[in-house]
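There are structures below to look over.
You will see two complexes here that share chain A, one where it goes with chain B and one where it goes with chain C.
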Partner chain A sequence: MAVIELDGLSKWYGEVIGLNNVTVSVGGGITGLVGPNGAGKSTLMKLATGQLHPSAGTIRVLGRRVWDNPSVLSQIGYCPEGDVFWPEMTGRRFVQFLARLSGLAGAAARSAAREAIEQTGMAEHMDRPIRGYSKGMRQRIKIAQALAPRPKLLILDEPLAGTDPVGRHELTELFGRLAADGVDILISSHILHEVEALTQQMLMIAHGRIVAEGELRTVRRHMQGRPHAIRVVADDPRRLAAELSQMASVTGLRITEPDTLIIETTLPEQIYDCLGELILHDQMKVQEIAAADAGLEAVYDYLTRGSALG
Partner chain B sequence: MNGSHRYERWSGRLGGKRWVWPAIVRVGVRLASKSASTRLILLASTGFVVASCAIFYILSILEALGSRPEFNELYGIVQVLLGVDLRGLVQMGEHREALWRMVFMIMLKGQLACALIVIAQVGPGLIANDLRSRALPIYFSKPITPLSYLLGKWAIVAAFIGTVTLLPNLASLMLGTLMTGGLGSWGQTLGLAWDLVVLDVGIMIVGGVVILTLSAASADRRYVTVGWLAVCLLPMVAQGVLDDALPSKSTQAFLGSVSPYRDVTVLADWLFDMEAAYEGMSLPPGAAESALSHSLDPVYPAVVLAAVTLLAAVLCYRRVMRMSRAAATL
Partner chain C sequence: MIRSITALFGFSVRQTVFSLRIWVTLLLLAVPGGLALLIRYFDAARLQDMWERYHGCMQYLMFMLVIPLVCMLHGTALIGAEAEGGTLVYLLTRRLRRAVVLLVRFAATALVLVLLLEGATCVHHLCAVGGVDIESLGGGSWRPAGELAAYLCVVPIGVVSYLAVFTLIGLATKSPIKVSILYLAVIDLAVGSLPVGARMYTISDQLRRTMLHAMPKLARLYNLPGELHALLYPPGSTGTGALVFVTLVALLLSCVLITVRALAAAEPTRE
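What follows is the complex of A and B.
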């Protein structure tokens, strides 16, 4: 069963389009909602948590309409992107308070808050006022408040933003455990590899439209054959360029900085292999090899140029 | 990170909407009570209990021993406090309820000032702080209706208004009854208690609704505080100007009901039936008129206060409704 169903869903903010005629179903498990800033991720999440009324179309969450329907909201845990704190409150009070707003009473709210705080690794800091929290701690306590009412569906808007690598790893593990325990999660990010570490199931959104839907490896397969750019930081980029210029798959070479070479190619794997050989056999000193356009922006640009997947 | 907890979906009954607004009240009261100045005002309100009990005690002495010349000075004190000379009053015990009502009327004036200050302390941030900290999306992503939200916020300010008005009044009544042997009958005590509840709940409704409306209008609580003081104090100044400038007949109707302070005191006079209380005591001519707040017909203040409260309630509800429906964009 689809957890979230969008049918012809649009949202306009005056003349600005937030979401444009989106029809998509989000299934169970973890689904990544990825897209660049301003793509419409938060709009979609706010529509799914009943905070915004659709300008057109319908949205159903857990099989029910979500707008003006408090009963469905009690089954959703929402972690907003921005800071929404009462700074003088302690973390524990904050989570307890929001658990109560979700409908848990007295002792149930207290124990649910305590468990959620422990799950997010904030037990040590829960009795400190939120104003003293670091960005990562704030993220964790926001996630704790979403977990506290023990919802069926978690909607997490950029939950990993501001967390350190260790924290990111711990939260990623937590989300994995929750999914294994049967919680459906919709998680947004503008960083592809963040979400990739959690799930292969993706919704890619750009300019208010879903540009790709399905497994990330399918998206990647569709990306084969498109021009890629590889950035190489080396001691002697001219010599490297001379070696690579003989390869048929290289469509362009640019030296952008004294030690940086940009290689344009249609077969990136071949280039990576070749670079390995040059380093090993020709004793070339290379400090860094990175995909110059592997960021989401580049993927979206490609997808929105008309090759979008269904 | 604790991984020992296995996630279990909540299988118990959810409290539903009925648990939502008390949760808002608890948190709001706790946060507002942290302010030292608010605590000071709350502490000062216990002074009303001490003062009224002291007067009740003096009255009970006069009831029992008033005929003795050595207690003559006490009549002077009572005259200063209540504004009436009770020397000629025979069978003072029969007028105990009327005298206690006078005491509560005197206390009301101080309590209104306390309520004004405590509302200025607690009220401005109620919705403004949520707007400033962008907390509305998190509120309205929970199963909470705008009405529950509003009710919770109103109950916070009402709790503080009640602490400086209703609570001291009921405590005074109870202590006075215990201390002096009571009003004579439970009917009298309950009647007075009921009038106090009606009056103070009225103050909570009017003050609470007006401050919430102002608080919903701005994310900056300083503007709200200024707005609140302006709403309370400017009409008092305007009323003074009108009273001086217009013939007294003109200020017997709506033009005499511009000041909310006067409106409340006139309605309290009416509620406590002070005119009848003074008449019953057969006081010297003119004593009642000078002691009564104003000879205004209570209909006009009632209409003015009801209209202001209703208008504020509608504006506030519409604003919160709009905020709940566009919380994400605020």
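What follows is the complex of A and C.
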């Protein structure tokens, strides 16, 4: 059964198009919603959580309309993209309050909040005010509030943004476990490889249209041979460069700042795998990994043109 | 649903009590009492002056400025502050209908403001006439305690009416503070003070009508010619019904607005 069904769905903001006549079904399990910034990912998620009205078409979540429908909303856990909190609250109070708002009684809300906080690795920091949290901690506590009511469907808008590689790995594993427990997940990202670690089921979106959907293999064919640049912020970029220079798929290496390495490659997935190995086994300290150029944008443009042509 | 409502109510009460707005509110609430103390300290008034100052302070300061300004401060932020901060998403994507979210927040804010303003009314009373032996001053029929009770009954009606109107303004306009100030200055204060029938369409006049009903002697304070007074405030008329009507209409419109309007921050980045 389709978890989310979009039928001719469009959303305009005045003259700006957010989504353009999208018809697609999102099935169970984990589905990645991938696209560059401004592609329409957040618009789609806001429509799926009843925050926005469609300009045209319909959207059904868990078989029912979602706008102002508590019976559907109570089954969705939503992690918004923005850095939005009541900053004076502690992490525990934040998750607990939202669990109670989802209908859990006092004791049940407390235990559900505690469990969700532990799942996201925030137990140590839960009694500190959110205003003192790092970006990665804020992401985790946002995910915890989405998990606490034990929803059937999780809608996560860029949940891995701002997390460090270790945190990313932990959260990826958590999402995998949740999916194995029967929770359906729609997760958005502008980094294809981030989602790839979670699922093979993709929706690629660009310029408000779904440009590719289904198994990642299909999408990947379009990416082979395209040059990509990956930006890595690390304690020792020179050592990292030395390790990576032996790889055949690396076409260039540049240290642009004392802690920043730009890797040029035709096979980015190989580089991401290798970086993971270096971090986990060689104790390489890496603060950030991100797509550094418009490589993905180029693929999306390519796919958009492809979908327009045919 | 009851659990969700209880959680939101408690949260909204705490939010109102511990928000930064509460400091401005407390400052405003301290004005009538403070002024009464100052007058009492520097000017040992005659009984007649004391009566006029007591009611003048309540009528012109408390009811025409303090209550509207406090309600404006909190009413426009009731939903607007959450929408602006982005946290509204957490309230609207749970198991409560949008209208219920609005009504619960309204009830919580109204409760806090009523308690605060009742407190400020009592403080003003104590500062103005506390410890004064009215009888020895030849007070005759003046019973300040009875009049305090009448004010304490009217304050909640005023708070709820103004709060409902400012909540609606907060939801319906993009610059709620500017629109609210304009509404207060042009409609509520200016039109509400004109010696014409149109004044009855303002909250301030309906509050005056309600207070006159409870305390007919207040007519002396308004200083209107007898005929005009009788025309504007026919004997026995009260503004309570009109204020309840205004409150219900404003709340109904607010519920409709929050139900049909997308309040999520939409951030389109390209054309």
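By definition in this document, the second predicted complex is superposed on the first by the 232 of 310 C-alpha atoms of A that agree within 3 Å, B and C clash if a C-alpha of one lies under 4 Å from a C-alpha of the other, contacts with A are read in each partner's own complex, and residues count from 1 in each chain.
In this text, a residue touches a chain if its C-beta (ideal position, glycine included) is under 8 Å from a C-beta of that chain, and two chains touch if they have at least 3 such contacts.
Remember, predicted model here, so these are calculated numbers, not experimental data.
**Student:** In the superposed model on chain A, is it clash or fit for chain B and chain C?
**Tutor:** clash
**Student:** Does the superposition put A:37 against chain B (first), chain C (second), both, or neither?
**Tutor:** second
**Student:** Regarding the shared-chain residue A:8, is it in contact with chain B (first), chain C (second), both, or neither?
**Tutor:** It touches nothing on chain B or chain C.
**Student:** For A:132, select first, second, both or neither according to whether it touches chain B, chain C, the two together, or no partner.
**Tutor:** neither
**Student:** Between chain B and chain C, whom does A:70 touch in the aligned arrangement: first, second, both, or neither?
**Tutor:** A:70 sits against chain B and chain C alike.
**Student:** After superposition on the shared chain, which partner residues are touched by A:16: those of chain B (first), chain C (second), both, or neither?
**Tutor:** It touches chain C, and chain B stays clear.
**Student:** Return the chain, chain B or chain C, that is in touch with more residues of chain A.
**Tutor:** For chain A, the partner with the higher number of touched residues is B.
**Student:** A:181 contacts which: chain B (first), chain C (second), both, neither?
**Tutor:** In the superposition, A:181 contacts chain B only.
**Student:** Using the superposition on chain A described above, determine whether A:97 touches chain B (first), chain C (second), both, or neither.
**Tutor:** The answer is both, since A:97 touches chain B and chain C.
**Student:** Among 41-49, 131-139, 167-175 or 185-193, which stretch of chain B shows C-alpha clashes with chain C in the combined arrangement?
**Tutor:** 131-139
**Student:** Please identify the positions on chain A that touch both chain B and chain C, taking each partner from its own complex.
**Tutor:** Touching chain B in the first complex and chain C in the second, residues 13, 42-43, 46, 49-53, 70-71, 73-74, 76, 78, 80, 82, 84-86, 88, 97-98, 100-105, 109, 145 of chain A appear in both lists.
**Student:** Under the stated contact criterion, what part of chain A meets chain C in this complex?
**Tutor:** 13, 15-18, 37-38, 42-43, 46, 49-53, 68, 70-71, 73-74, 76, 78, 80, 82, 84-86, 88, 97-98, 100-105, 109, 145, 207
**Student:** Could you list, by residue number, the parts of chain A that touch chain B in their complex?
**Tutor:** 13, 42-43, 46, 49-53, 70-71, 73-74, 76, 78, 80, 82-89, 93, 97-98, 100-105, 108-109, 112, 115, 118-121, 123, 145, 149-152, 170, 173-174, 177-178, 181-183
**Student:** Show which residues of chain C lie in contact with chain A when the two form their complex.
**Tutor:** Per the stated touch rule, the residues are 1, 3-4, 6-8, 11, 15, 18, 85-87, 89-98, 259-260, 262-271.
**Student:** Show me the residue ranges of chain B that touch chain A in the complex, using the header's touch definition.
**Tutor:** Its residues touching chain A are 1-3, 5-10, 12, 14-17, 19-20, 23-24, 27, 30-31, 34, 129, 133-135, 137-145, 325-329.
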